[in-house]
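Chain nomenclature is as follows: A, B, C and D, assigned in order of appearance, with residue numbering initiated at 1 for each chain independently.
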Amino acid sequence: MVVVMQKGVSQEQINKVQKHLEAEGYSVHLSQGAKRTIMGVIGEPGKVDPQLLASLPGVEKVVPIMQPFKLASRDFKHQNTVIQVGSQTIGDGHVTLIAGPCAIEGRENFLKAALAVKDAGAEMLRGGAFKPRTSPYSFQGLGEKGLQIMAEARELTGLPLVTEVMDQKSIAMVAEYVDIIQVGARNMQNFFLLRELGQVNKPILLKRGMSATIEEWLMAAEYILGSGNPNVILCERGIRTFETYTRNTLDLSAVPLLKQLTHLPVIVDPSHGTGKRELVEPMSLAAAACGADGLMIEVHPNPSQAWSDGPQSLIPADFARLSKKVRQLESLAAPEAEDESRERS
Amino acid sequence: MVVVMQKGVSQEQINKVQKHLEAEGYSVHLSQGAKRTIMGVIGEPGKVDPQLLASLPGVEKVVPIMQPFKLASRDFKHQNTVIQVGSQTIGDGHVTLIAGPCAIEGRENFLKAALAVKDAGAEMLRGGAFKPRTSPYSFQGLGEKGLQIMAEARELTGLPLVTEVMDQKSIAMVAEYVDIIQVGARNMQNFFLLRELGQVNKPILLKRGMSATIEEWLMAAEYILGSGNPNVILCERGIRTFETYTRNTLDLSAVPLLKQLTHLPVIVDPSHGTGKRELVEPMSLAAAACGADGLMIEVHPNPSQAWSDGPQSLIPADFARLSKKVRQLESLAAPEAEDESRERS
Amino acid sequence: MVVVMQKGVSQEQINKVQKHLEAEGYSVHLSQGAKRTIMGVIGEPGKVDPQLLASLPGVEKVVPIMQPFKLASRDFKHQNTVIQVGSQTIGDGHVTLIAGPCAIEGRENFLKAALAVKDAGAEMLRGGAFKPRTSPYSFQGLGEKGLQIMAEARELTGLPLVTEVMDQKSIAMVAEYVDIIQVGARNMQNFFLLRELGQVNKPILLKRGMSATIEEWLMAAEYILGSGNPNVILCERGIRTFETYTRNTLDLSAVPLLKQLTHLPVIVDPSHGTGKRELVEPMSLAAAACGADGLMIEVHPNPSQAWSDGPQSLIPADFARLSKKVRQLESLAAPEAEDESRERS
Amino acid sequence: MVVVMQKGVSQEQINKVQKHLEAEGYSVHLSQGAKRTIMGVIGEPGKVDPQLLASLPGVEKVVPIMQPFKLASRDFKHQNTVIQVGSQTIGDGHVTLIAGPCAIEGRENFLKAALAVKDAGAEMLRGGAFKPRTSPYSFQGLGEKGLQIMAEARELTGLPLVTEVMDQKSIAMVAEYVDIIQVGARNMQNFFLLRELGQVNKPILLKRGMSATIEEWLMAAEYILGSGNPNVILCERGIRTFETYTRNTLDLSAVPLLKQLTHLPVIVDPSHGTGKRELVEPMSLAAAACGADGLMIEVHPNPSQAWSDGPQSLIPADFARLSKKVRQLESLAAPEAEDESRERS
């Protein structure tokens, strides 16, 4: 941490700040120039709140140096976290394909969709039982009935299930039915929800908030990890920018960046990230090429009859082609994978 | 709603979309040009999901024309919503001043702060019993003990209380102690929380999400209104942009814009909106000048000893000066107020 | 400047960076912790490029502490820059009102508009002879003929003229006719244009770029100041964000922030900043309330017949009412003005 | 184009707007609902300015339907534009590799760099003779001397040259020396510069503005195309967002989107787009995987001694590895290429 003092600060103010920091166990290195005094502060981050420090008299600003996340960092755990879900894995170096319709509309349709995505190459099945809708007047999901249908689809296909939980009260119910619990972008900083999910014995798929920085996202993961659940999967799904041709701006550079900063697996949702069917395949390939551990893709046998799937849903045939291309790309990367890990270490 | 068909769409596809819309009770007006067919769709919005429509074969895009919010709109209720809280009002044309420390740290400190802000001109008292902290390692608030201290401060000062609720489970407890329940920016699209707050008999102060559009914000209000609670106060607190000199970019144009779109009161939080103490007064005056119904301001008797107040906290003397200036500005606006309302109607 | 070294950096790398900095005349204070080494670097900023420093082996990042602008800073010149233009001033504590149509369409119309805005309270006259249009197919302005019409309007009204220059080749021509030369948002980082304007003997009105940080904006002013022209007026005109209800997001907190950082006058353009006629008056009042030195407002006697004025143009009667309100607000601020300057000093 | 009329609009106002549009040769289809009247307007876009239309009495808003760009659109020219530069091509289906140092610092260094990048797989050579620097106090480039050094490097290596032009006055000089003229992000809407480049007989590499929408970018290309130069290469280089871990947010979805909207080649600059050396390779592969026609990469034999290359510069060995991986990825895509083009047509 670096503390920058205001111009014209008094020696007394400098001493006070220094004593305050030393009392908390930090060591302080003063650099006094003609115009400005700065303090290098060495010690465990997290003990002094930078905001509090910034409001002490004479302090102009506080510049954090160390990353505020601990359990999520590569420093804390060097090896990649590999998450096992039934017979499937995420984070083991291959690209895990998760697919399915946005919302569950009915038993028959969903079972049909589940079989179709399995045939087309999906390794896990997604589906929404509760739908986070901007408008209270839109379809809100089938609730527990939807979860039961999902469980039946798992029986049928053997695919592990991913679904979103939207509130604390449904956590237990959702955890009973599915294999991976998703936290949506709008709940990324719902800290009470995160903390309760830290006590659940299922992996958590944590979507990036619409305007969350990478650091805030890792701090949200930290809430879950710190409450006892080590299995967090990060999912990039686009950030909000001024561009309107795409629904969001898919921030793919977050993928290799996160692979440096954290040991957690990172997957990409190109369906919501772009909002356009014809961009799903190219952006899936791009995500795989820059190191994503998985893809989560909206697939619906008949998108134009779906209740909440939008113009970004693929039909199973498109998804089958995408799967095939991803596997080819993977085979290419394989011989290099070892290299990569050597470089990183 | 306008439906734009793709180039080279077939007459059959056009007919199908038209029939689909007519079956839902809309009337459809076709405009067929040499290059493009567009459909003007007239009827009640909300019955057909624009996303679903956009995924029908032959459809290029759907352009909504009508605002998706209903209960929140000026069309639904022309007169301003005026909210009575104890002896105080919000939305009656004057600028309601809400002030207090960010977090409640202890009984004595808070009571002292409460008396100080009352003396300095505050009409309501704010304080945080639960703190939404980006880091799980930061102070998270005193919880119910904090609420009890707040209630004692109300006894002492007569000021109504505003505090944030962060999860469904605490709603009943918070509602028991305070007069206005705040929803923080991070929870603006926590739809389950919003729906439960719609069933509470206390006004809700709904902060704008960090990257929420004005429309999404009004849709969030719609969740509360639609669940039965007519008393929603909107609070602009800055949006996330690329600028880093200020913590957020305070979007003051949202104030006069909202006064056109909705009957709900609109207040401004210049403390979190800017993150800088020295910007709080000028931005408070600016907010009052462009029509804000209130201001929510962080005031702490001794900001540099506070646990979570940051570099944006005013001391009571600064707040007293700000109050005085706001009242002067108000007196100026008063004779024009009638004009304004005439124009709007 | 603070240099943060990578984890596991060698002592040799540390020495090398330290020597490099000392060779440039900086003094370096090392803070070596168990996990991390940081260097406080004291000396004249600008001599070492932070980017270059950041690419030295062993360096993780470089955190600038001092502001990179010099001539534009309050440190360099404490007193406000007051710009005299004919009988008018900008930056002397009152709110200078600049008004006129967006584009000059013809002699008669423009002279009529000039007289109308003068009557309604304008102190300077704006008009566009060259129009920066996103589309090459839109009206591009009358060029020199427009400048001649402007000059005639000055004869008629006595109002000083403001117009935009769009390329180096027209600088001499524009400077011959008008009193203040405007640089548009799209040219804010057209460094060759800025440098040539530094050699012109007319004040420069520098609009903020659509996505320019406050620091980049001040660096653009620095280009002009550094080339010899001390008279730069900064004009906030809205920044680009995700919000689409307004054309841009008017960043009013930039006004009090700039008044701290720089001695240059700061004005606001609420017409382009919001893109909506009904927001121009409230945002003008807000700008005046938070300390703007002037307002630049689009006024057209008959907006709906204008070639390039958009939905943000006021009619003269609206502008007259706005002027009156701004003057009232000013009278209120007057007795406090002295206070403010005392605090700032 | 769709014109949405205000609520409570009079029949007379509707007639006026309709007549105005019909007088310009448009055909107008009225859709009159109980609450709202909308007009479908069919005809050649560009004849009526949507902003003007939006300011007519009774009009609430105007929604453009057709894309405003013409010459740049796939409608205008279905086949990909393939640009031949010496023996090299851009846009022919392979990924063109452009590499070199950011700035030219001296003859020897640059010739060394040129040979190194050629050996490592570069097909074109980049280098900056004029540097657009945010600070007037930074190194501004060698000017014509730099161009002469570049020309010598072409002699030596046979690689065609790419360099940036920053002002109208240098166009002729730059065009004399180099093969492709680059327009930087800051000049993307310098319309006078664009128009003059439309008259130059060299391909123009047009970088996306920092906060330019895809539509504005294509309109900027339209300025060049419309002035007579059909050879424009679009270069995505990251947009400005709230994220600060990367210098910009590389918007890779722009690549497949542009391949749909326009026939112009699209390349990617992952060096400036991310600002981090370790992200250059993964983002290069991602760009290639989603269909980029080329990559422009900063490579410097000794980045830490460079005057203006930053922490994003690769050393030649890294670039060689990147080249190899791009070629492998290309070989994979090849058998599918035919498929792709069939789908698109």
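Here is the rule we use: contacts are C-beta pairs under 8 Å (C-beta built on N, C-alpha and C of every residue); 3 or more make two chains touch, one makes a residue touch a chain.
None of the values given here were measured: they were computed from a predicted structure.
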Same or different residue numbers at the subunit B/subunit C copy interface, by half rule: same
Pair sharing more residue contacts (C-beta pairs) when B-D is set against A-B: A-B
Approximate Å spacing (C-alpha centroids) for the pair subunit A, subunit B: 27
Distance between chain centroids, defined by C-alpha means - subunit B, subunit C (Å): 31
Centre distance in Å when subunit B and subunit D are each reduced to the mean of their C-alpha atoms: 39
Multi-chain contact residues (two or more partners), subunit B: 211, 240-242, 244
Interface residues, subunit B side, partner subunit C - complex: 211, 213-215, 239, 241-246, 249-257, 260, 273-274, 276, 278-279, 282-283, 285-291, 325, 328-329, 332, 336
Residue ranges of subunit C in contact with subunit D within the complex: 46, 49, 51-52, 54-57, 68, 132-139, 166-169, 186-187, 189-193, 195, 210-211, 216, 219, 222-223, 226-227, 240, 303-304, 306-311, 313
Subunit A-touching residues of subunit C, taken from the complex the two chains share: 2, 4, 7, 27, 29-36, 38-43, 63, 65-66, 75, 240-242, 244
